[in-house]
Every structure is written in structure tokens, then in C-alpha cells.
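Look for subunit A in each of the two complexes below; its partner is subunit B in the first and subunit C in the second.
On to the complex of A and B.
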């Protein structure tokens, strides 16, 4: 009980903050290197990546887990940040809907990525 | 430039005669060691005795002289004219708080929040004075010492965009003070404070902008206290699922 007698409700933020934090770490450490490799060095021909070795990586369980981590966590990170940025921009209408929309998007992308990886 | 004069723009608002705050310009004599407070004193003593502003200690201890100086929350006694020679100076009442009069902000909400978090040592087992003092190791002191240096100036509230958007948010200094008592080895009141920590109005209202820590004149670093509170709240979240807390 607080001094004023006001009741406080537990926020569900710890779940999303945890995923946001994990995504932040991945986005800071792995994403830039991945962009450099897959987005710049390989297209420029500086680095060679052939289909067979990438496919072998994605067929391996450890490879699947790593790929899921570098896709799903930054997705949760981005969606959480956008959801909070809406409040910063004073877009506070239909908060429940947007919460469902953004976290739902992260969820769907995570599940889809997981399903694709399992199918490989 | 010792005998020179310097222009200072000061926000005025006298609710009984002004519809809205406006800026008034004054010329004050410049000296290298002249603070904003000194300039305001000069204005009040020599130019316009009706100017209202809070101050007391003149040494960054009482926390009463917070103003916006060129849009940045500052202590008037710790801010000097010499640092504004090229930009000019505009002094306004603290942002994110209603204006009471001239530079006097209504910080009532801030004071209520400080009280709300129970800023005192809570014991479950009462200890008699005859048992002597509670000893604390240097390591135990270090856990909260920095967070106990707050002078309640409110600069961090004027800096916090989340408090500005929604003043239900407990805000930097109150959450830091809460953390300070939770971290104190003599305190046993964590269970009475955790509901505030866990709430949207508690640590989860913070998006880690970090400007509070930048403007804090005492190096308290409220943003770090709030981040530690988020870890504590997350741990409590998981624990509450595993082992539901007894109702307090």
C-alpha cells in the first residue's frame, strides 16, 4: 500500500522489456556485421557465400537457433521501440490496438521465421 | 569586460494581472563570478522589486533555485553569466511544472511523489535504541550513497520528456529515492514499495532517455537507479509467477 492509498497495477512490461533488451544486444553486436556481410560485401563480390554452405548452416540446429535469434530478437526490439515512440509523438489513441499490432507483428515474424527454419 | 553590462531576459507572470507569462529584459552589471541568482538579486534590488524567484543556500545544497536557463534546467546558484557571453541569457520557470509566479514553479506534484515512495527506513522488527546503532560496511554504504545525494531540485523532472507527457509517472528523483531506500541494508520496506516500482507509473514509464542524469547538478544519475529498478521489477515479475507473493 502506498502512502496516498492509491493502488498500482503491475505492468506487463518486463516481458517486452526483456525481449527488447535481448534484441538490443543482438542489434548492436550482430546486425551491423550481418548487414556488412550480406548487404554489402557479398553483393560487391568482396566475399563469397555459396548457396550450399548457407543451406548447410541453416540445416544445422545450432545454425537454426542463431538465425532465429538474429531475426526474432531485433524484431521485438524494433516493435517495442516503435510502440513507445508513438506515445512520445503523442499518438495515444487506440493504445490497446497498437500494442497488439506491434507486438503481434513481432510475434508473427518470430513464428514464421521459426517455421521456415524448421522446414529447411 | 568587467564594467560592461549584460542583458538578461526573465520570464514574468503575475497571475492577478497577466493573462499569460511573458519575457522582460533587464540589464545587469557583468562580473566573471556572477551567477544567475546574483543577476536576479541585482534586478530585484535595483530594477524591479516585484520579481519573484526561489533561492536560499547559494551553494547547490538546498535545491530551491531551479530554472530553465536558455531552455536547459539549471541551478541558478551554480550557473554563471560568464558561460553565456556569446549566447545571451533567458531565464524561465522550470519546465513540466505549472508556473505559480514569475520564476516560481509549482512543484507540489513532485513533493507528493517524494512522499509517496515512503522515503524513510522501514523496519519489520523494531530495534531498540539501547541495542546501539545499525552498523554498515563501506560496501553496503556504496550501494545507495550516490542516490542519497539528491537535493530535490526537480531539474530532472523539467528534463524528463515522459514526465512532461504524463505526470502520473513517478519521475526520476522519486524513483531514485525509492531505490536508495530499497538498497539500504538497514531498510526492510521493499515489499511496501515494490508495487510502485512494478507499475506503469513506476520504472516502466521510463524509456531511458537519460536527460535526467545529464542535467542533475549532484551527479546522482537517476537514470541508472531506474534501470536497476527495471531489473528488480523484472526479477519480481518472474518470482511472482513462480511463487505468488503473500498479500501485504
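On to the complex of A and C.
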């Protein structure tokens, strides 16, 4: 409570915007190459991602950090943009629910990726 | 009840179609759907990796499905469009000064493209030369 009697709430937007920004950087610099590899070149047989190599990469702490970064940050980026695009599309019902839904989804994906990486 | 009846300008949900700048803005925001879906596909692959070699090869098999290859082609274009818009906005987001003057936009944007090319070569080279092994 301030002197004026009003309750001030600290905005949570900087946290989400920070994660959105980090995801935007990863999605711009790394994701195009990753989509090209896992989604196009490996399925077409141009490159290989054999189990032993990928498992070795994911067993290394640096590899774990890289994998977590390329999975989690772009998810926060996407969920932030989709949440705000709903407003742009004039879908303004249940803002509180959808905020929890989208950021919650990014949170769950981040935790799941972290848990899988710890399990390897 | 107020007798006031102010005019509220109607705004249809497809407002962004009327103006090219707004259309490109919504297209940029739309690229995030593909970015998010690709994160989920990678999480799926990671889950398969944890399960073992058979599950990993099964995931690789799914990726060979023409529907997935088609999705990834569209996702690649979407992601590249995101990258172009991101690099164009970079000088507006980061305020770099040289003395009292803000440095011009062009070297900042060009710098981003150079880093993009290097990053792409490093990632592709890492996988191609078996760097993961």
C-alpha cells in the first residue's frame, strides 16, 4: 500500500517480454538451420542424426543447455505472440484464462524439456 | 443509465487485410504458430531420445512422412520471414551509440545477417561432420 492508499502491482510483462525476446533471437538465428536439418535434410537422407551421436550430444552439459534453449525459448516467443495476436483478432474473452493457458503451455514445455534432459 | 450515445468506430476482426503494412504485421505474428509447433516437434523428438534407440528411430520415421516434410518446408519459410523481420527491427530495439550519435541502422542489420550465415554454417557443419559424435 502506498501513501495514497492505492495498491500498486508490479507488472509481469517485462518477464514475458524478456522470454519472448530471447525466443525471437533463437528462432531467428538457430531455428531455420534446425528445421532444415531435422525436418528436411535428415528425412530426405542428406544428413544423419543417428541415436548414438544425438544421445552423446544430449548427455553433455553444454549439449543439454543448447537443447533446452532451442526448445524452450522459441516456445515462450510463440506463446507470447499468439496470446497477443488473439487480441489483434478481436478475441478478447477470458484474457486471464488465455494468459494462463499460453504462458502455462510454454512453462510446461520448458519444464518437460528440462526433465527429459536431466533424465538422459 | 447514460443518455450518451457515442460513436464507436466499428472494427471488424479482419481489419488488418485493408492495409498492406498491417497484413505483413499479422503475417509476422503468424510465423510464431510454426515456431511453437516446431518446438513441440523437438520436444517429441527429445522424449523419443530418452525412451531409447527404437523410439528415436520411430520419431525419425515420422519425420519422413510427406505431411511432416511439407509442414517443415512451410515452417522454414515462416521462420526465415520471422528472421528477416527480426533483423530489420534489431536497430530499433538496440540503441548503439558512437560518441553522441546513434549509429545508423544498416551496419546493425548487416551484422545480424552475417551472424545468421555463420550460425547456419556452424549448425549444419556440426551435424554434417558428425560433430555430435
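In this section, the second predicted complex is superposed on the first by the 110 of 120 C-alpha atoms of A that agree within 3 Å, B and C clash if a C-alpha of one lies under 4 Å from a C-alpha of the other, contacts with A are read in each partner's own complex, and residues count from 1 in each chain.
Keep this in mind: a contact is a pair of C-beta atoms (placed from the backbone, for glycine too) under 8 Å apart; a residue touches a chain by one contact, two chains touch by 3 or more.
Keep in mind the model is a prediction, meaning the values are calculated, not measured.
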item	value
Most subunit A residues touched (candidates subunit B, subunit C)	C
Touched partner set for A:18, first subunit B, second subunit C, both or neither	first
Subunit B versus subunit C as contact partner of A:112, first or second or both or neither	second
Touching partner for A:87 - first (subunit B), second (subunit C), both, neither	first
Touched partner set for A:37, first subunit B, second subunit C, both or neither	second
Contacts of A:10 with subunit B and subunit C, given as first, second, both or neither	first
Which of subunit B and subunit C A:57 touches, first, second, both or neither	second
Common interface residues of subunit A - those touching subunit B in one complex and subunit C in the other	84, 88, 90
Interface residues, subunit C side, partner subunit A - complex	11-13, 16, 26, 29-30, 32-33, 35-36, 38-43, 45-47, 49-50, 53, 56-57, 60, 63-64, 68-69, 71-73, 75-76, 79-80, 82-83, 86-87, 93, 112, 115-116, 119-120, 123-124, 127-128, 130, 132-133
Subunit A residues within the subunit C interface of the complex	21, 23-25, 27-40, 42-44, 47, 49, 51-58, 63, 67, 70-72, 74-75, 77-82, 84-85, 88-91, 109, 112-113, 116-117, 119-120
Partner subunit A, residues of subunit B touching it in the complex	112, 115-118, 161, 165, 192, 195-196, 198-202, 204, 207, 230, 233-234, 237-238, 240, 248
Subunit A to subunit B touching residues, read off their complex	1-4, 6-11, 13-15, 17-18, 84, 87-88, 90
